[in-house]
Amino acid sequence: MSLKLEEKAISSKQQFEPLIVAFCCNWCSYAGADLAGTSRLNYPANIKIIKVPCSCRVSPNFVLRAFQRGADGVIIAGCHPGDCHYSTGNYFTRRRFTLFANLLEYVGIEREKFKIEWISAAEGNKFATVMNEMLDSINKLGPSRKLRDGRWIRQQ
Amino acid sequence: MDKTTVRMQQIALQTLANGEVDVILGWKKGDEWYDSYPVVINDINETAELIWDAFCVNNLSKYLITELKKNLRIGVFLKGCDSLAFNQLVIDNRIDSERVVIFGLPCPGMIDPQKVKHAGLNKGLLKVERTGDKIVFITKEGVKEYIGRSFDYDKCLNCRCPNPVVSKYMLSDAVTRTDEEQYFPDVTEIEKMPLEARYDYWTKQFSKCIKCYACRNICPLCSCETCVFDNIAAGVSSKADADCEQQFFHIIRAYHVAGRCVDCGECSRVCPVGIPLEKLNRKIIKDINQLYGDYTADTDIAKSPPLGTYKVDDFDPFDGSKQGGKK
Amino acid sequence: MIRVKITPNNKQSQLQYIREISGVNINKCIQCTKCSAGCPASARMDILPHEIIRLLQLGQVEKIFHSKSIWNCASCFVCTERCPRNIDIARLIEAIRLTIIRQPGKSKFKPDDVPGIIDDKMPQQVLVSGFRKYNR
Amino acid sequence: MPRIGAFVCWCGTNIAGTVDIEQVVQAVSEMSGIVYVKDYQYMCSEVGQNLVKTAIKEWQLERVIIASCSPRMHENTFRKAAKAAGLNPYLVEVANIREHCSWVHKNKEEATKKAIALIRAAVAKASLNTELIAKEIDVENRALVIGGGIAGIQTALDIAEAGYQVDVIEKSPSIGGKMAQIDKTFPTLDCSACILTPKMVDVASHPNINLYTYSEIESVNGFVGNFEVTIKQKARSVNLEKCTGCGICTEKCPSRKSKSEFDEGLRTRGAIYTPFPQAVPNVPVIDREHCLKFNTGKCGICEKLCPAGAIEFGQEDVLVTKKYGAVVVATGFDIIDLDKFGEYQYQNHPDVLTSLEFERLTNAAGPTAGKFIRPSNNKRPEKVVFIQCVGSRDVSSRGKSYCSKICCMYTAKQAMLIKDKYPDIEVYVFYIDVRTPGKNFDEFQRRAVEEYGVNYIKGMVGKIFPAGDKLIVHGVDSFTGDTLKIEADMVVLAAAAQAKPDAEVLGRKLAISTDTNNFFTEAHPKLRPVETHSAGIYLAGACQGPKDIPETVAQAGAAAAKVIGLLSKRKLVSNPCVSVVNEDLCNGCLSCLKICPYDAIAAKELATNNHGITSKRIVAKVNEALCQGCGGCTVACRPGAIDLKGFTNKQITAEVDALCH
Amino acid sequence: MKQVYKRDLERLWQTISEHFELYLPLEQDGKVNFMPWKQGENVNIDRLKTDLSPKNIIFPPTETYLKFRTVNKRLCFESVGGKNDKYVVFGMRPCDAASYSILDKVFLQEPIDRFYEERRTNGIIISLACSEPEETCFCSSFGIAADNPVLGTDIAAWDIGESILWQPKSEKGKKLTGILDNILQDTSEHEIIALERLQQSIREKLAQLPWVDLDLEIISNNMKEMFESKVWEELSKSCLGCGVCTFVCPTCHCFDIQDFGAERNGERFRCWDSCMYSDFTRMAHGNPRKTQTERFRQRFMHKLVYFLNNNGVYACVGCGRCVEKCPVNMNIVKVIKKLGGD
């Protein structure tokens, strides 16, 4: 059996600083995040937002890449199905990631680590609530090495 | 199956002779009892060497992709699961079905040489003949007979499509399989496992992978010109043997055949380290059947694949749990 | 009656108590007087429900505790039903009544009153709810 | 690694307040590829932009990173600045460290760390940006206005005046909308019909305006400059050209059962009818539900009597597909249903009216020809009670949470008109707050109180009890604290305004979003009130939120100006962030073609010659004009052959890596 | 000649694993492979061939050999890889042991591969003769005696039923035998006879195997002329280019070097590569071997001709793994027979 590459376990004694990568669709969720900003709502700084033209632009490769690089949670936020600026974009997101989320859970990844949310441009508070709840559930899960690439050293 | 072999050779001879096809994709028998290997023949006297026995497990529809580029019209022998893959390749625009003549072979089930070896019957074994579920082992010492399917591949045991779904000529009468359709027992069994146990199970399985990509190359639907895993420039994954790379490869490959996989089980058969890959694909098939209707990716060519289309009122597991949504 | 009222600060604890048990945010009230207008028992009330809320907003609980209104309230919930700001006024007034009742030594229904008023037709439930509500 | 310049904005204290700018500048200067870092109080100001321009020239910057507010606000500003300095505008990346960082995180140390991470992601993405040249697409110089109310009419007239073709599409048989139903308009009290009908006639006679009444939008596709709209002209059963509008048919029609929508149900109308006398086009419509000819096949009197022979029972719905450069949505508003407000007895007493019914009642062309009488017994009322905020400012599930803005003014107007004509009628108005903020609005309302003696009572009505022919109104005057009982003869409810019920469906067709109350969402409440997020689609009037006629006309003018600005361009700059196919990797499975919402991908035959072996195969090809850059195809493509310029797979992967630094 | 009773095997593993890392053929989910032994693992020394060859002990699928990291703007390197703790492999078959000696010819020639050398010198190979050779074995065609492990073997072992005979062949073998003195017993006359009988029966069984006498001479001299023949086209038709044969083959040693780069650290590693892949030896203008036929031909030309010319021995030990694992039943025996003229 091939000798597996020895994985370095990041010492978990440092205080657990979860990192959540959020893919936000430019027309709805990104605007929702802006609205959360303009209304001075508060959500944790662990959330980091990547702008994508539409939620259908996010590929499972990016999600797994984020987990590999040490993200503890990934959210894909898009317009409510039917409201997509590109009319059918989020219907495909919904199908693709329903299957992908089931597949991830089947392989043993907690559902809380990977979420999809429909957040429109008018729902600033929903954006903040979703992000706060996501962080709570990730904190409850605690640090975990799943899907993580041991060779990628994060600046702690 | 010998009767069918004769019919096979006749029809091959006839179609090659009258120019209905330019080349024929079939199987030939090698020296050993288990060795039926795929061949491409174009001259008439080679048709006599064609064989249809219990070891013609290879799916010939994948060869059509490369062969159709070189030849005009091709005759191909397809079993039930092969024809499913054929239809899916047509849906994927990988083969042009007009230029293919299909000889349908209802399949009683293929024998797994490993199981014969484990049963110790391979000592001095010369030939294996199968008619229906009666299997005759002809060895140097003598002849042994078995009734039943204990030597068949696991995938053949729960085969749900023994008879070709599309064919121009049907070489023998249909095979009836009566066992009722259990609803993905292997998948539900894993789903019942607790989450951590599932993660350990799959990580252990994936860590066995040596990245030989046999599962990808045997799969009739994994037929990209340059696979994203071969294309270092894509920067998607590397051949390093780290846990996360293995998980990435297997999850993404299962996702790439999602909605197209015809559950022919070839990936698990050829895996040299025995990873139960079909359990990944069957999980997605089970989900698609439950959520978007039984998609049988194979029979209806006009229907677009599940991930290629949508319904406005699709099941939406992500909706409405948070307040602040639309009133 | 001195017209000038200084907002008392020692009453903060009772206000807090009322807010706690009623769970009502009285700041939502825009004084539209719909509750008072629709209240069937408002005729015999010395201070109307919207005035009660106004007084609570200003912290003048003394006036409320001495008023008759909170005892005339029939808990018919018309006000709660119709309030455009989703304030549960009936529950608020119930909370005020409970604050009064639950002050030490003020229980209106002591166990030794029971023999005097009991008769065979009285359902058991009356005694139990009476103790629960009026006994401190 | 390209030479990258980074500019960190203070945004006054908005960013500097919770982000330590020095630490950010220090961290950014250490990032790979950064050759120049500058921070400034207001990057979006003239001075800030000049900073960028000079830095580009001086340091030969090949990429520019702006760490400031949301790219949705100023991305274009900085792209224009870069273009002015000679740098391709698509080499500029904006890191949002205000809305997504400084405004939402209180802890300074955390916010600074996040700002650095976001800038690092922007640097990672920018270093992989490629020069993109926006293509030119032609513009169809015809506009479509959806909705024939005052908003639609004014927009259409303004656009037509600028010389462009305009199609106005109205669902009901005539244009005019709510304004046609109104008697007088505030604050000048001039008669609504007198100021509206001339404009309606202008619309009908204007050479550039094409009118589609009794028609609906079937489907919309395409994009800015090239919208393809299918209009369903419902069958009027009357020939538009032949009919002279003499009105004989509407008088003689025997089926009188149906209620006139225009008169809010106060009187009935024939099966063949025109909504109101001054209707434009003055051509009747047959209501097929109530017409005896269609139900029983017997009648047909109108056909016999029509001198012009214009009645055509056989007419069918007609689908018309036309191309437009811009679309203006002016679909107006509705009044809410009062079924949930049982306490006002609106359902079961004829003398309890909504304000719109009151307008019809007092209108000279109305059912009572202007006589102010009670619908129940046709006598003149002595006491009239107006009730404000019915369903407005109501957060319970019965009503709407917002203030409907126009009720205080029109109630004051209605009260004043009654007192003016019949000084002896007592008028009471129950209100929570009087909100009349416009120009001469407060003076108008005070005149109603002071000169005309309208009694304003601060308090809400609790219940209305019908007693005999009187209506006992129970209310409270919160100033005195007494409950009041008024025996009123008529009660007028100022019901809340709500969005049209089919607004969400229309929004879906146009791919514009509606807010939680189904009013259309404008691009930016302050800076872009008449635009939507979809380029080329504009809003005018009450469909975007309750508003009065002066504001509606102002918005109509604004929307028209935007449309004229768009149509005046010969060519439009198209979005360069479109998909591109790498033909070596493409295996022609065309699963991207099935996904594309704009049918922008087609199959192409490719002959490749690989060292003598020539082979032909199918590959995908992207039509850059149609593609809108959603990126759905890139995920459907397994080998990664199709990629989205501006958001390539590698760029997003680099961003992910940078964020997980 | 020493022996060890099968009942003492558990103790043997225990004592070896105290000084060395012990590799044994362990069975997991029906597959038997050489893996580091731990207490309680399911050892299976009867299975004739492990599924994967033991080459991954000395030539692992992936081996990181260089790590680099930026420490405040300076780039510092760290050489890793190799293996410096001693290990013992028990249960390797003579063909696999011979494959080690073939790999030595590749990696231990100038310039010596440091990592391979470390792994190779730290290892003691205990090779067990095959009691039951199978049809797919053709090691005798390549001059390897299944009954008498010689090539690449430190200790030869024979399984004579209730005990295993133990004969050290090299210095390392003798040293290990010394260490394990207390478990190993002396052999008597009886064991020597049993050994003779065992070797005799192995030779008889070998004689009956179908591919025992593949004629290689014809191949090696007329192979060059066969380079252009149509036979390659026909043979390679069914090959899917999946690379299983190269990955399970004990003598295949081609590898690719790839990098893993992060923002401030990175690694360079060597990983197995297969000549059957489309991206093998891909150069600027593309892959010199365009079609699968050329790649197919390259594999067998290298094993049967080029390696022979360079190193004087065939790069195949006849273990038969490629015969069993090939999904389309194409293998080196068919090539030899086809090109041998029949």
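When the chains are written out, they are named A, B, C, D and E in that same order, and each has its own residue count from 1.
To be clear about the criterion, a residue touches a chain if its C-beta (ideal position, glycine included) is under 8 Å from a C-beta of that chain, and two chains touch if they have at least 3 such contacts.
Predicted model, so just to flag it, every value in this text is computed and none were measured.
Engineer: Looking only at C-beta pairs in contact, point me to the busier pair out of A-E and C-D.
Structural biologist: It is C-D, judged by the count of C-beta pairs in contact.
Engineer: Which chain would you call central, comparing Cα centres to the global Cα centre?
Structural biologist: So the chain nearest the centre of the shown protein is A.
Engineer: Would you mind pulling out the distance in Å between where the CA atoms of subunit B average out and where those of subunit C do?
Structural biologist: Taking the mean C-alpha position of each chain, the two centres sit 76 Å apart.
Engineer: Measure off the straight-line distance from the CA centroid of subunit A to the CA centroid of subunit D, and report it in whole Å.
Structural biologist: So the centre of subunit A lies 33 Å away from the centre of subunit D.
Engineer: Where the centres are mean C-alpha positions, what is the separation of subunit D from subunit E, in Å?
Structural biologist: 74
Engineer: Distance from the CA centroid of subunit A to that of subunit C, rounded to the nearest Å?
Structural biologist: Comparing mean C-alpha positions, subunit C is 49 Å from subunit A.
Engineer: Two-or-more-chain contact residues of subunit E, please, as numbers and ranges.
Structural biologist: Where subunit E meets two or more other chains at a single residue, that happens at 33, 52, 56, 60-62, 64, 260, 262, 269.
Engineer: If I count partner chains per residue in subunit B, which residues reach a count of at least 2?
Structural biologist: Residue numbers touching two or more other chains: 208, 210, 226, 231, 236, 240-242, 273, 307, 326.
Engineer: Hunt down the residues of subunit C that sit against at least two other chains at once, touch-wise.
Structural biologist: none
Engineer: State which pairs of chains touch, listing all of them.
Structural biologist: Pairs satisfying the touch definition: A-B, A-D, A-E, B-D, B-E, C-D, D-E.
Engineer: Which residues of subunit C touch subunit D in the complex?
Structural biologist: My answer: residues 30-39, 42-43, 47-48, 50-51, 82-86.
Engineer: How about subunit D: which of its residues touch subunit B in the complex?
Structural biologist: 516-517, 584-591, 594-595, 603, 615, 617-618, 636, 638-640, 649-650, 653
Engineer: Which of the residues in subunit B come into contact with subunit E in the complex?
Structural biologist: 30-32, 34-40, 58, 62-63, 113, 117, 122, 124, 208, 210-214, 216-218, 226, 230-232, 238-242, 266, 269-270, 272-274
Engineer: Taking the complex as given, what residues does subunit D use to touch subunit E?
Structural biologist: Those residues of subunit D that touch subunit E are 610-611, 613, 657-658, 661.
Engineer: Over in the complex, which subunit B residues touch subunit D? Could you list them?
Structural biologist: Subunit B reaches subunit D through residues 69, 92-94, 223-228, 231, 234-236, 256, 304-305, 307-309, 326-327.
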